[in-house]
Structure formats: C-alpha cells, structure tokens
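Each of the next two complexes has subunit A plus one more chain, namely subunit B in the first and subunit C in the second.
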Partner chain A sequence: MRSVRSEHLIYWVVLVAIFAVLTIDIRWSADSLGEPLRLTGYLLYGVMFLLAFLNVRKRLSMIPLGRASFWLLLHSLGGVFAIALYWLHAPILWPSGVYEQAIAALVYGVTATGMFGYVIQRVYPARLTQTGLEVIYERIPGEIARIRSDAEAMVIDCTTTTGSDTLARHYFETFDWYFRRPRFAFSYLFGGQRGLQWVHQQWHTVGRYLSAQESAFLDRLTELGYEKTRLDVHYALQSAMKSWLLVHVPLSAALLVMATWHLILVHVYAL
Partner chain B sequence: MMARPQRWDAPFGPEMSEDDVAELMSEHPISKINAHKFPEQTPLTGILRNDTRIINYQPGDLVVRSGDYGNSAFLVLEGRLRVVIAPELPRDLLGRQSVAKKSTLTALAQLWTNRRTPEVRSYRQDEATGVREGRDRATAVVFLQDVPAVLDQHQTAVLSEGALFGELAALGRIPRTASVFAETSARLLEIRWQGLREIRKYDEGFRRAIDERYRENALKVALHKIPEFSGLDETALQEVANSVLFETHGGFDWYISFQKMRGAGKQGAAHEPVIARQGDYPDGVLMVRAGFARVSVKLGNGDRTVSYIGAGDHFAMAELYDSWASGETHTLQASLTALGYVDLLRVPAPILEKYVFPTMGGRPRSPVERATTRTLTDDSLLEWAVNDRFINGTQAMLIDLDRCVRCDDCVRACASTHGGNPRFVRHGRTFDHWMVANACMHCADPVCMIGCPTGAIHRTEQGGMVVINDKTCIGCGTCANSCPYDNIRLVDIRDVSGNVLLDEDSQRPIQKATKCDLCATNPGGPACVRACPHDALRRVNFQGGAVFGGASG
Partner chain C sequence: MGGPCPEGPGPDGTCAQRRPPCAPHPTLRAVRGRFALLAFGLALALVVALSSGVRIDSIGINMIDPGPLFGAHAGFAPGGNCATCHTAHGAGSVAWLDAFLGGNDMSGQCITCHAFEGDPLLAHNRAFEQRPDLGPIACNQCHREHDGVGATLTRLTNEQCASCHSDGFATFPTDHPAFPAKFPHFQESAIKFDHVSHVKVHFEDPKVADRAPTSCADCHDVVSADNAVLPMGFAETCDGCHGTQIAQRDMVVLRLPVFDANGFDRDAVRDACGPTLDEIERLEEAMAAMAAGKEPAEQGAEETEYESVSSDEPTPVSSYLLEVAGDDTESYSTPMQDLVMAMAEEGTAPLASLVDDRLGEGMAAKLFAGLNPDVAKRLACAWAANQEYELPADPEMGGWFGDYLELRYQPTGHADPVVKAWIETALLIAADGDANAIALRDGVIDAKEGPGACIKCHAVTAAGDAAALTVDWRFRAAVDRPYDHYSHRAHLSLVQAGSTAMESTSMGCRFCHRLDDNAPFAASFDDFDPSTFAANFKGIQAETCAQCHIEGEVRQDCQLCHRYHLPATFKPSMMGADLYQE
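== the complex of A and B ==
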C-alpha cells in the first residue's frame, strides 16, 4: 500500500492543530461565543462546499487552478476535518430526530465511501501493475472476446488434429463458462487469486486423460486462461476504482442539499 | 518466392525519365562529376534516375524553411532563388502558427464553446492561405504572396543555376538554417539524402566541396561547444577542424526498420550498426553531430548498455587520453553502435595529443567506469529506454503505474482543452511500474518533421515544442507514418454543424494530423499533468540521462 507522502505530513499536523485549537476554544469559550453550534455549523457547511469543489476543479482543467493532487490532498484533509467538526457540532454519534438521522446517515455514508476510495486508490494500482499487464478498462470486454475466440479455435484445432474430443468436452463444460465474461471479482477485490487456482484445477482435472499431443493444446489453453485471469483482475479492480465514486458523489450531493435545508430550518425556527 | 527487395524499388521521383537523366548529366555541376568512379551497382545515372526528382516552382514558392528538418538537397537547374539572410521571414509567412497563450477567461470559455462533436473546425478551409497544392499532397508548397515586399524588407542572396543548397541539413540531420524561395519560375533537382551520400562517397570533388562548406560554416562553432575543446586558441581550433573526418552510420529512415525490428523482437546492440568495437584500438575520438549511439560492454552472452551518447557527446576520449598519458596503447573499453541514424565527427588521435590533451584539466571519465558502481537492475530502465528509443524524448509522458488509478482524468483534461478530443492515448510501453504513454515526446531528433510538404509540423520559437499548424496541415500523413512511437493521429475534421468535411474531388473525409502540443496555447502548462490527482503523470526529459542516474554522455 502506498503510504502518506512525507511532504504531506505537515498538512496533517496543521489540520490536527487547527482542530485542537478549535475544540479547546469552543469548549472553554462557550459562554463568550454565545452559540458555538452556529460557529461549528457554518464552519462545517463551508468545509462541505470546499470538499465539493474538487469535483468542480476536475471540470475546469483548462484553467490554472493548481494541481489536482493538491486539491485531492485538501479534499482528504477537509474530509477528516469535516467528520471531526460534525461530532463537535452534534456531539452524539447517532441523533434522535428523523431528519438529523438522515443527515447523520449521509455524513457517515460519504465518509465511509470516501475512506474506501482513499484506501483502494492506494492499494489497487500497485496490484494492477503486479499483473504484468496494462489494459484500458473499456478494452477489457474486447480482449476477453479475443481470448475466447482464440481458445475456441484452438479446441476445434485440437479435435481436428488429434481426432479426440476429450479436451473439447472439458472446454465446453468448464473453460467456456470461464471465458464468457469476467469471473471471481470478489476474490480479486480482497487480494485473492481464485482465478489462477481455478484454471490450474481445470488443467489438472483433465490433464490425466489427454495424450501428449492433446496436452500441448491444453497447455496453450491454460496459458490463455492465465491471460484471462490477469484481465479479470484488471476488470475487478478498475471497476471498483471507478464505481465507488458513483456512490460517494451522489451521497455528497444529497448531503449538501440536506445540510442546506437544515440551515434554512434552523434560521427559520430556531434563531 | 519473391524477388529480394532492392534499394531502388521505390524511386524518389517515379516520373524521372531516361531523357531527364541524360539532360542532367550535361548540367553543371553534375557534368563535373566523374561517373566512372561510381561502382556498377550504383552508377551515377542510376542515382539520378532513382534518388532525385525534378520539381518546378512558381515565383514566391518556399523551397525550404528555416528550422525545418529535411532529408534532401536542391540543385538549381533553371531560374533564380533567394536565400533569406536577415531578418528571418515571419513565422506566419512560413506557414507556421504563432503560439499565443489564451487568457484564463478564453480558456474557461471552452466549457461552453467546445462542440458536442469533436474535431470541429470553425475556420473555412480556404482560409488556409499560403498553401499551393502540388500534383499530389506530398508536393504541396507554401508560397509568399508578396515577393517584392519580402525583397524590400529582408536581406537576401541570389541562388542561380548550378547552385546546390540544403545539403548540410540533409546529410547532418540538422535543421535548415535559412529559408529559400523562388524569385522567378524555377526548376530544381531535389536529391534525397541516400543519393547525396553516394555522390559524396564516390566523387572526391563533391565530397570536398560539401565538407569544406561545413568546415567553414559550422564545425568550429560545434567544436568550441565541447568542453574538452573549449580551451583551444583559434589556431589550434582551426588545425583540429582541418583534420576532422566525417562519418555517418545507420539509416536516415531508421524509424521504418526500427518498427520492424521491434515487432520481431530484435532489439539491442547486436542488431545495430557497429561504429567501434570493444577491444579494438581507437584511432580518434568520435563526436556525435546528430542522432544517438549506444555505448555497451560485453556481458556473458550479450551486451550491457552502459550509456548512450547524443549530439555534442564524444566516445573513446578516456582511452586515447590514457594512451597519451601512459605511453601505452589502451583498447576501447566499450562498443559504440548506431541507434538509428548517427552523424559523427572523428578527430584523429595525433591531433588530440598535440592540441587537445595538453590543455585538458585532467583525465575524462569513461562511461564504463560509471557502470562498475551500478548493478544490472540499476541500469535496466536505461537498457529499456535505449532499446525503445525513448531517449529521443524531451517531454515524454511517464506514468507511475503504482500511483495511477486509471481514472482517465488526464485524458478528459486533454480533451477539454483540445476541442473534445484528447491528443494522446493513456496506453503505451511499460517497464516495471513505469509506462511511457502514447503522447508526443517532442523528440530531440524529430523524424516526424522530415518530409512535411508544407512545414505545418514545426518547432515553436520558444521552448522548441513540436507543434502542428492546423491550417497548413494537408493531412498527407507523412508525419504520422514517420513517428516511430505512433504518437501522431489523423482525425476526420467536421464543420460547425458537426458534419464530416469531405474532399470535393474524392468525397473522402478531410483529415488533419493531431498530437500533443503540451497545451501550448492554454494557460498553466500541460493540462494532463495538472489534472492527475495522484501525481502519477509527469513529463520527463530523457535527454541528459537524469532519469537514469546520469547515464548519458
């Protein structure tokens, strides 16, 4: 896993310091501040908008708004700051009101998906590199289709050349399923190697019934199986790295809407 | 079965006739060349028939442009031409674009001005002024619309019948140093570099004339830039210049054979033309004028790359110095092989001993010594980059795959700054956790620029980036076919309604060459680099070897 870069440590230290000062100030000066909730609420609302600006920055890449990596760092720091501020603002883990519970659910949902994204973006790239293969996500289905076509042609060739259909039968009972689409995604997401083990198992299962000539075909088929495994790893991990945002971004948008409505309600009824 | 391909299977000018050749043989200065000195398999008439072509220019037509890379020289057969001495012709007259940065607001406006369909051109095609179509797309030319004004405002020199020009750039693979245009209707003989090399090889007078011209014009300046020669006084420098021998190794069109060899998995020093072999006695120092060469040592059953040298670098200096200092003969510690095309200067050992070594501060370091402190693993990136010729790149897109989350933010950023279509593909050759993506590397030796008929692909005045002037690009595909790295793409262009523009005659889509321009017109530099949220993408200069721990030169 890629660790936090040393030059970024200073930002994390500053964040902790700011939060510590803020907490102490709010706790000790509650009387003089009057409404510490208003301060933490507005601050939290502002931080949430700052976090949302990362998405805006991505769409404004044509103008010099600084490096996206710096924005992502701010986003990560801001995310941690926001959850801490939230606990300062609503000092219980799970509120009692329905509306507040909805906001809390969104806060935790956004935080959890954000942390999930943060972690997988540090773990998965290196695991993709370790496959020894680099493939563009959109090309994976085409590559799988190519492998399947090669495999089928080879099995037919085996039957024609050797006059035996043992390998062909085994292919249509097992490998055909494997080559149809990406498989064993969960295993790859959690660092397993189910595909490799599965391909090896099929090789082992049928190998004892084949002649030397057929075994050569099986070896080539197994090689295609291993190639497909690498594609499956890419498909699983790249899918995860793309799709977590499909949860994180809508939840964030919903949270902003709910927080805005919360602010309006507070101003109308409580202040 | 098939006939073995021969050098002259594809003549330079297919329309050259025997009558043309006979006429040329009587023209000055070809009539002065001794045809009997040429071998039977490459007779002078054969060279004229296959390595030359006759081109007619109209008044105002630009024949060569300052800064262009070309692989041919020109002989004036009829008419009068002008070479522009000072000041240089403005870039717009040369068919080049002036790179002006957009304001931040204009850049931002791309958000709503970018069309839904990519590659829309809002200018009319007939606005692409200054391009005169030739008999085919490869012979289109840029022309000057007001020749008298150019003659009034610029100091020029006349080139008349019998004058040869462009030979130094053609043989040395260096940019043209001046622009030449036709003042009157002119008939020129264009000689491609292969023919020029043969004539130079077999005709003493021709060779002497070309070498002397280089010696007079550029050699001393080139020598003076090399630290080991910078301490020489004028007399000594002249003596060194007088003694220099000129050599070329490898093929000018190396990118064609390189792609084939790479496809066949034949890479490494064993498959490259040998310039000097490890263990041989050096008779002079070799200095690179253009191109690249690999420095390698024998290791086991193969060759280990320890360094590469490019323009301005030298080879065998340490061995010659040791021989001079110790009085004993030292053999070469490494081999030198041509990476594609390399143009060399050889300074003989006695000249070095007399003029250069006594003025040197100390013993020069050999690249082999550097290798002794590094493991094979340390230099494996170097070996890979040399094999794949990435050493040519000055702005290669290097992606750290251990950081890259494959989000394609870089691709989207590129598309949003280039009218909706990205100028690179986030895919390419990989080594360990590094990938060199298919993005223009803005090469030190840009073979894509050779042969562009309109000069649309050119270097910018500031920064030296290789860019394409969209208005003067005629979509001939010469640059895309020449790029050894597949980093130039031809795209179908569309009008503002989103319809693909069709050629009136052929009814086929009009194409333009596109490639990474490092966001030359956008504020803030390359959008791809700025857009990467994980700092995985960098533009790196493979020149100088900093990427490889100081391996070059």
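== the complex of A and C ==
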C-alpha cells in the first residue's frame, strides 16, 4: 500500500513538473512570436480524448490495455492537468459569450463531478467497510423489506405475548416510517450518524414506559433499527458512487461536442 | 392464465392478486448511456443552432464573444459584423470548409487598410539578403486583437524581438551592441551648415554679436521636436547675416559675344527696332545743315570697318541652347546673330521657342519666368546694332534686366524659383555628358559666382544610381535608419535645451552632440557622394544613453528606440478616396 502511494506521488510530481515547464514555455511563447493558444488548445483537446478513453477501456476489458487502476490514475492525473490547461488556455474564470460560457460550464461541471467521484471513491469504501456489513446494492431494498417484515412480526408478537400495545403504537408512530425506505441519506453522504441517533432516541423515548418483557422486544426492535441504519449507509454511499457518473459522463460527452465545434470555429475564423 | 389464485377472485371475478408483467429494469450503466446520448444530442443541437444563424444578439446576449475589438478597429465591424476581417463568416459552408482546410488570410484583411513602405508581410517589411530563409510573417503573430478597446496592439515585447534577434538582451548597458562610430550622423545633411565654424568662429565675431544665436534653440525648433529637432527656416536663422548676399549673386544667362563680321541686316534691324540714336542724330544734323543752306555731311560712318562691341564668349546657356562651341566664333556667330535678330523682331518668343525645343515644353516658362518681352526686344535691338544696352535704372527689386552686353537675372531673395529652375535644369541636362551642358552645370553650381551661392548651403548629391545630380533644397529628416526612433522631445527638458547657452557641454544639446573640430565636413560634400559624408559632430556612444536607461530607472526595451515596420500609412481607400470616384 505504501509503495502504491509512493508511486502515485511520483506521478503527481511528474504531472506538476510537466505543467510547470509547460506554463513557463507558454508564458515565453506568449511573450515571443509563439502561438500559445494553439498549443494549449490542441493539448487540451487531446487530453480530453485521453480522458474519455477510460470509458472505452472499461468497455474493452477483454483487451489487455493495462490495469484498470492505472487507467483510473491516468484519468485522475489527466483531469487535473486538463483543468489547469483550461485556465492556461482561457485565463479567465467566466467568459462573456453564451457559447464560451456553455463550454466553461461544462468544463467546470465535468471537473467538479470528476473530483467528487474521485473523492468518494477514495473515502466511501472505507466507510462502507466500517459498517461491518457487506451487501450488494441491488439487494438493499429486499433486505430493508425483510427487516421491516421482521419488525412488524415482532411487534405483533410483543402485543400478543404481553397484552400491551404500547410498543405497537410507538412502532406505528415512529419505526414504521423508518423501516419503509432508506432514510437520512444526506447525513450518511457527509459522514453523519443521524439514523443511529434517531433509532437511539426512539428507544430512549419509549423505553421508560415499557415493562421488562416489553423492553426485551424493544431491544430486539432497536437492533433491527441499527441493522437498517447500516443498510441505509450502504444505500446512500453506494448510490452516490454509482450515480455520480450519471452526471459526469453526459457532461463529458457534451463537452467533447462543444470542444470539437470550438476547434472548428477557431480554424474557420482565426487560423 | 388458468393458474391458481390463492387469494380468491375479486368482485369482478378476476384474481385479486395479479402479477404485473415483467418489465426489464435498465441498469445504471444503460441509464448513464442514455443520459450521455441525450447530452450529446443537446450539445449537437446547440451547435447546429449556432451554425444555422440563430442569433440572440438583439436582446443583448452575445452568442460568441471573442472579446471586444481594439477601439480604432471597432468601428469597422459595426453590429458584430465579423465578416469585415473573418471572410468565412456568413459565407456559407464551402467558405467554412475552405477556411478550415486552407486557413484564413487574416493578414490579407489587415493590408486592405494598412500599408507600409515595403512588403507588409516580410520581416521588417523588406527582404534581407543575409536571411533568405525568412518567410512571411502574419500580422497577428504580434498584433493580437480582441483584447479590448484600450488594448495596445502595437506594443511588442523584447521576447518577441528575440524570436529572431537571438543574441540575447537583458539590459541596455550590458547587452546592447555598441553604437556605430558615426551614430547617428550617417546621412548627409541637406544643408551644408558647418556648426564648427559657425559656433566657434562666426558667432564669436563681435560684428555679428547682435545677430548671432546664443542657444541651439535659437535655430532649432525644440517646441515641435521629435525624432529630429528641425531647424527653423531661412528667414528665422540665416537671413540675419546672409539675407542680403543672395541678391548680389546675379546670373548671366545671355551675353552678346564677339563676332568676326556683322551678320545683321541693317535694314531688317531698322525695320524691327527703328532707327538707332546715332542715325537719329545724324539725320537731325543733316536736316539742320540743309536748313542752313549747307550740304549734309557724307554718311561715311556706315562704311567704316566692323568692330564688335563685345570681346567676350557667349554664355554656356547660349552655347548649350544653340548647340555651338563657345570658343569658336565661326561656330556660334550665325546662330547667335539669328537669335538676337529674332529677339529684336519678336521679343522673348524666339528664345522661349528655342528653350522649349531644347529642354522640353514648358521649360521656358520656368527658366525665363518674369522676363519682359519688351526688355528682351530692346536688349536685342541694341545688340543687333552692335551697341551696348544701357540700363534705364538699377534693378532694385531683382528679376530680369539687360546690362550692356548681358541678359542677367538677379535673385529676388531666398528660394528664388527662377534660380532654382536654372540650377535643377543645369544638373539634369549635364547627366547626358554634353560638354556645353557640363560647362553650364559647372558654372551654375560654382560657389564663387552667380547662383552657385545656393550650393554653398544646399547639398548637391548623386542620388542613387542616377547620373543626374540633385539639390537638397529642403532639410530632410533622417531616412537612412527607418527602424530607429529617438524622441528628442522626451530629452530636451532633461538637458534644458531651450535655456542653455550654446557653449555649455554639461547641459543643453551639446551634452550629447559634441562638435568634432577635425571632421572634414565641408570637403565631404565636394564629391557629391552622400556615403562619404563627415558630420562635424562626434558619434554618440551607447554609454551616453546608459546613464539613465538602466534597469529600474528608465525604459530600456527594444521598442523604445527601434521600430518593427517601415513607415506605415493607410491605403487611399481608408482616406475616403472611394467616395469621390464615379
């Protein structure tokens, strides 16, 4: 693990060095008779296609084109390089023409989603491991349904066994809402524990009114709540890890179209 | 269909627990693909809308905004008319394809308005023999547009210069090449004004103390100084001492030469001119004698042997016009006598006709401008009668006058057009190598007499490869180093040029312009070769400039003193010439 990180660090250092040299060269070129915009433009366009090639690499997994992790690293390096190149190419944060604004918005959108994806791919797996649970994303709704079913059955059993409906009424006023679907996703995305607190609070609220026999049922119900919480964490984090590409990839496709048109415009008008 | 229904039938008889039909649920990858396709399509639609001319400019939104144009250019693209410079704009798909594949001739659009004294696309607007490899340079390599109304399009960086001039330049004192020894006095001056003799001798003469300048600014116009500090005109400078000298330098244009025999027909002369004073006197004497009853005296005087009243040769002007040898009496007698006779009969017309035939139509009007035909006739009549012409009164106002045996022209003042015409003509015709023309030229530019006084001050040069000499009538600014520029205006206040005495070398103009007492200034004009010019100022050294132009003090970039282009101008179409064309 340590050697992998060192290797990555070298790549990043190389990237920074290349960018520094390029910046100096472009600065010199801008001051002399060079055409830095042409250089940075073509370079950026090429980097964009290189970045898009990651998607192709995924689809062509049968062809030995190197490890996926290496491609992901290249993609990350290329993404940072691309945004830096963009600012070299268009040294303003927000252009004035609608078309240029559209390109800028796409660049920023793709970059932001890419960075978001990079961060969550780094952070969320560890947090998922911390839950102590492994579950396939598509099976989470089924698991939640199972927990809900178990909870309902247990509450009925409690009422039948103890002759008291205190826990049952409490269940239908609180836990029933909680077990219906994944909850508190936003909190989990940002590392919060709101679901856990909520379950704990419900346990604490009703616990004082229950008999010892009912308390045993409440403890089991609470355990199911905690289990649901872990599933919710999985659902929230896995959803994010899967769905950010729903934004990143379409924005990238649009950006490639717009960049290609920009290249054509430049050739028709200025070169 | 037909299967068990555990919940039993509903009120309508159908199974209460229906199994919904199997509907495939797309994977996230498939959804992503659809989204990507949608985004691709939307972007493509925007592009198509752009290319099909959808415009929202009218509501104040720029669809494509490459940045505002430079202020002076903005007026040529009103309403975002990009086609002024970008020819493919709005010209259809073929033009777009052509521009995409073949490139834009952006420089071609620039030179529809801008012009230079040289090829606009060559480096420095000229071809360099040492660098035949240099190709065309596009305007926009240096001049970047769309940088705003107030952008400085013409400002270059040292690095841009260093793209070709790769010697390396960091600071002026350390890296600028030494100035040439003659810098900046390479070009022969148009006016042969010897600063050394004037400053050190003439201006020190007590006799002219009241007229001599005390400061360089007395003769040089520091107010309008720029690349050159132009000398003021003759009237403001030289006239105080030299003004009266010009009128004293008469030009002898025609002279009655010596003749071996009288070729004039006495009757013809009498018909043209009437009786001479001698004849009238003799007639009066005869009539008086007859009245006294005496016999009139014999008219023997007419029978005496002919003796020419003149003993001189004809002027080079008449020798040239008549194409005769001035030192051969037989050669010039008949043509000269014919000319005099014709002038006696018709005044200036025969002379004008002769000049126009010999020198070209209209030349007589320039060379003999102001010559009174009656004066010419009376002069010719006297000469035809072998008499000296007596001037009725001295020519105080200058101009043409007959004086005994000569037709003279007295300059009316500085820049006299007739004298200038004679000098220019003499220099021009001598180029053919004609002996008479050369003699005429040498006489005209002889500084010791006549109009040669002009040549004492105005340089005569052999211009380029042309055989003819030319006179520099006017002060000319330096043109031999068109890429150099020096702002005198920016420096004059530093040295207090307007108020510093001429003698000072610690301030004033002589802080930089040091007199060179030993330079052969006057002699360098004698060969008419501008390349041998020797200024009577010492060359200026780079160290002089480096006193101030150092890092952190005063600008020292290339463009401060050097220009990239040859002098620039606009094409006539920019001046509105088209407006007046039918």
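In this section, the second predicted complex is superposed on the first by the 262 of 271 C-alpha atoms of A that agree within 3 Å, B and C clash if a C-alpha of one lies under 4 Å from a C-alpha of the other, contacts with A are read in each partner's own complex, and residues count from 1 in each chain.
In the analysis below, a contact is a pair of C-beta atoms (placed from the backbone, for glycine too) under 8 Å apart; a residue touches a chain by one contact, two chains touch by 3 or more.
Remember, predicted model here, so these are calculated numbers, not experimental data.
Of the two partner chains, subunit C is the only one touched by A:Ala102; subunit B is not. In the superposition on chain A, contact is made by A:Ile264 with subunit C only, not with subunit B. With both structures placed on the common chain, the touch criterion links A:Glu134 to subunit B but leaves subunit C unconnected. If you count the residues of subunit A touched by subunit B and by subunit C, you find the higher number for C.
By the document's definition of touching, of the two partners only subunit B reaches A:Gln121; subunit C does not. Once the two complexes are overlaid on the shared chain, A:Lys242 sits against subunit B and subunit C alike. By the touch criterion defined above, A:Ala68 lies against subunit B but remains apart from subunit C after alignment on the C-alpha atoms of chain A. Common to the subunit B and subunit C contact sets on subunit A are residues 242. The residues of subunit A lying in touch with subunit C in their complex are 28, 31-35, 95-100, 102, 242-243, 245-247, 249-255, 257-258, 261, 264-265, 267-271. The touching residues of subunit B, when paired with subunit A in their complex, are 104, 107-108, 110-111, 401-407, 409, 412-413, 416-417, 426-427, 430, 432-433, 435, 522-525, 527, 529-536. In the complex of the two chains, the subunit A residues touching subunit B come out as 2, 58-69, 71-72, 121, 124-126, 128-129, 134, 136-137, 238, 241-242.
Remark: subunit C residues 28, 31-32, 35-40, 42-44, 46-47, 50, 56, 61-67, 82, 86, 88-89, 96, 99-100, 103-104, 106, 137, 140-142, 157, 159-160, 162-163 touch subunit A in the complex.
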